[in-house]
Amino acid sequence: MSPDAGRNSDQADGALTLDTAWTVRWIRRSAEILAAERTALNTLDRDIGDGDHGENMDRGFQAVLPKLDGLADDANPSAVLKLLATTLISTVGGAAGPLYGTAFLKAAGATAATGTLDSLALVALLTAARDGIVLRGKAGAGDKTMIDAWSPAVDAAQAAQSAGESAPAVLTAAADAAARGAQDTEPLVAHKGRASYLGERAIGHRDPGAQSTALLLRAAADATRVMD
Amino acid sequence: MSPDAGRNSDQADGALTLDTAWTVRWIRRSAEILAAERTALNTLDRDIGDGDHGENMDRGFQAVLPKLDGLADDANPSAVLKLLATTLISTVGGAAGPLYGTAFLKAAGATAATGTLDSLALVALLTAARDGIVLRGKAGAGDKTMIDAWSPAVDAAQAAQSAGESAPAVLTAAADAAARGAQDTEPLVAHKGRASYLGERAIGHRDPGAQSTALLLRAAADATRVMD
Amino acid sequence: MSTVGECAWGEVSDRSVVAPSEWQVMKKLINDPKHVVNEAVAGFEAAHGDIVRVSPDPLFIVRADAPHKGKVGIVSGGGSGHEPLHGGFVGLGMLDAAVPGPVFTSPTPDPILAATQSVDGGVGVLHIVKNYTGDVLNFETAADLASAEGIDVRTVIINDDVAVKDSLYTAGRRGVAGTVLVEKITGAAAERGDDLTAVVAVAEKVNSRVRTMGVALTPCVVPHAGEPSFVLADDEIEIGIGIHGEPGRERIKLEPADAIVDRLLAPILEDLPLASGDQVLLFVNGMGGTPLVELYIVFRRAAEVLRERGITVSRSLVGNYTTSLEMAGASISVLQLDAELTALWDAPVQTAALRWGR
Amino acid sequence: MSTVGECAWGEVSDRSVVAPSEWQVMKKLINDPKHVVNEAVAGFEAAHGDIVRVSPDPLFIVRADAPHKGKVGIVSGGGSGHEPLHGGFVGLGMLDAAVPGPVFTSPTPDPILAATQSVDGGVGVLHIVKNYTGDVLNFETAADLASAEGIDVRTVIINDDVAVKDSLYTAGRRGVAGTVLVEKITGAAAERGDDLTAVVAVAEKVNSRVRTMGVALTPCVVPHAGEPSFVLADDEIEIGIGIHGEPGRERIKLEPADAIVDRLLAPILEDLPLASGDQVLLFVNGMGGTPLVELYIVFRRAAEVLRERGITVSRSLVGNYTTSLEMAGASISVLQLDAELTALWDAPVQTAALRWGR
């Protein structure tokens, strides 16, 4: 697959199909945003964790970029997500590595035989990702973790899909909900991860993992539009 | 000997004799001045040494104070100086402990059988002290050590004695010369002690041991006058 | 407020790559923040080649003579920055391998798996894991992968830190300095030939009998962050600090050492069912930046408090064994001994950081 | 400028007694600056009662089983604040007694004399003295007094620090971290039964073959002073620092670790007549406040430079063994080995800080 394969997936109606090229663009855009937000994520994590979340995410997404060029020409979105998952598992470390790794592994599983993702497939992808994180990390809603961005995103995606929205619109709804969800972690006390050691002192700080989730879903929505 | 034995040595002519009581007053006054100058001496030593000279001197002179009360009633100046010497040796530590200890041990030797010190005996005392320090520390003039206060003091005392000055006047001359000598160490490079490691960087700083010598000799002059 | 950024470390600005001018203001003996762990491990191998060898990629430290046929392998690991934990404890009578992650970040499953394979003597491998979400998850994945390859892997999670309430509402107690004691004693059990089940039982026994509580006086600076991990006022200390600079129970004004020791011991003694006549191992651990002379002042008071309760300190350990880079502070661990644990503690050990009987 | 007084330690005002409010702003785990040494030594005895006992007044630390009839006694000492030097090296195969002075201040002759008497096994006692005027003079007086009592005392002055020019115009080279190597190897010679002359010869041989050079990144704070012993700008380091914070050769801008190592090694290799094929012991010593991970980065480069010159690092030591309280920094020592020195280095040692073979 050529590096700029992502450029040629426009459809006749002007919307982009969510195909392999979109999946690759999603990862590229995520890497871009995470690099730019690296220090900001570190700072969030320093406030209520150990200050490495931006570092960890940046390391993982930088590691996947060169591998994208080596994808088979007939790779489907699921194959791309699986590559992302295994790369994150083997390069991110910390709590976020296995959690995001499992998320994308499950997402790959949920989209296995599909070449192009419609809104229903997108909802399945997001749901599987969220469920994977819950399976590994056992966090519930309101525990002040990345789940508090993922769950509203899944709900919003589901609602948009039920309302008959296009796949890009479903993603935008998910991204918006994740951003709100991340923001809404600020008043919470944490019950999972390092921030749980802080008790009341976590109040007023945004969860870094919820924030990185919001950034990833924003990247997914961005990737439905042509970028330069 | 009662604690205020030092108060009763006035002579008919208004001058004080340099007897045992004077020796005791010298030590008490030294302890007082060194306690007050403790931090200042530490600071000088921090600049070109290890910052403990005030601490060391204060510890030694505080240790001798209670022992003064236990002096035999017939103790002569030499016995008092010997008590000072052994106490300094066993409490001061560092370079200053053995050096001042030897100085006062030799001073005690030089005044052995005397009950009252005249100007000649005083000069002998100061000379013996200085020579003791040279014997142990092997410093010469201009090496930026306490010798650079002691040697001018000995010279000034000798000159004053030759000119027929009284013992108190001899001490004042010695104290003045020591103060100038201490000040004159400022432009020097050190060749002995810790300051020698500094090379050129010692220039501009006063030697702490020279300064404490100046303070001790000032105390000796002070002790020739009645204090409250 | 005193942040290290304001004083010893200089100002470090935001950046996504480290420009040559920027490491110059972070006051550490390093070359490039990105190479700290690799270079340190290379130096470690150069210094202790008689005891360990290093696999550079995936990165792990392993006993020079591993694997031992018929001996249970013991693997630990976690973020770097806690040295000598864990690499300094690889060797006869303690760990078979250690897997260092980036500074304060768990290693990924790949090197854990590789280390597990390299120490497998055919009778199973124990993973000793400090209770942090990242460590637990990454070791879990590695254990799954190793099991899939037919290696019998068991895991013991260390959670000795009484600063954190162990409840459904937290990630649970953290694993801190008590880990050293688990590694030593469990390593001795494996060395004497215990099977995997017995080795696991020893590790769990030590973990259930050791409690730790720490204090920080100053923060530390993670090389790639370049800024202190938290901020303490000139007269503030953090009671119950974790080993990555995670906050603890409370922030208080500095007190005399004896008062601080009493504060650290209280929750330990509340939690550990010690009776008069019991024997303990008392471990005063330095966080990295506190001089030994202060650690012994802490030990003095801790031993005194235990003695007053009729408890005998029959074994002791004092030093920087589970550190947080250059953080100033200390932790106190109390391990309730019995004849078995005492004998295993006394058994020979030959590692870079702990050695006796050999 | 970064002074510790401005950041971690708070402001400490002039004072002649320590008021309760004042220790609160000096950020150390201590009770009262005046009791630091006594309390630390009490804690040391509590922790290591199997190896040492302590005489509280006059204050010295002595092997629990001293004196040994027919064995040369070995005594060292000096100011406190360099722990584990010297107390941590008392025990089988190393020192028989250590005499700790106040922080950074030589002990007086009384405790040195008492320690000498307590380890006299009838065949003489060696004083190992670091070359500082205060140490030299106080040990000299003690030796005179001990000789007067019929004890055969010999003295070896350690001066391994190549930072200071050894000339008539200075107090001569200082004794620094190389002292640890002298104490270990000389202790082994005494333990195997060498007589006083032979023990002195071994000590002098080690001293003549070891060279050290150090660097400081931050100052330290002497408890009774309450202020840093020197001031370094945020981006400055001091090359050739002494172990009391005495200045060294030059103050330079912070550089990468490898460049600093090269600067430290250059004068050592200039001074020590090493040839390709020679074997050395490489000792990277931490000043107290530098994490182990950095010391191994230093070791890595130092070993590399030696290897490039065809010199084999056949023995190594890495850790905080001769410290300056919490000072950040390190020193590198190179000891030219031969078969005898290697065997004596490898001989059993059982002390609080250095232990193997037992």
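We call the chains A, B, C and D, going by the order they appear; numbering starts again at 1 in every chain.
Definition applied: contacts are C-beta pairs under 8 Å (C-beta built on N, C-alpha and C of every residue); 3 or more make two chains touch, one makes a residue touch a chain.
Quantities reported herein were computed from a predicted structural model and do not represent experimental measurements.
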Which chains are in contact with both subunit C and subunit D? none
So the centre of each chain is just the mean of its C-alpha atoms; given that, what is the distance between subunit B and subunit D in Å? 33
What is the distance, in whole Å, between the centres of subunit A and subunit D, each centre taken as the mean of its C-alpha atoms? 55
Need the CA-centroid distance for the pair subunit A / subunit B, whole Å please. 79
Which residue numbers or ranges of subunit C touch two or more of the other chains? 103
Junction residues of subunit B - those touching two or more other chains: none
Which chain pairs here would you call touching? A-C, B-D, C-D
Touching residues of subunit C toward subunit A in the complex: what are they? 14-16, 79, 101-110, 132-134, 137-138, 140-141, 163-164, 168-171, 174, 222, 224-225, 227, 229-230, 242, 244-248
In the complex, the residues of subunit D that touch subunit C are 2-4, 6-11, 23-25, 27-32, 36-37, 39-44, 46-48, 80-81, 83-84, 88, 103, 215, 217-218, 234-235, 237, 253-258, 260, 282, 284, 288-301, 303, 313, 316, 318, 320, 323, 325-326, 328-330, 350, 352, 355-358
Complex contacts: residues of subunit B adjacent to subunit D: 35-36, 38-39, 42, 46, 49-52, 55-56, 58-59, 89-99, 101, 136-137, 191-194, 196-198, 201
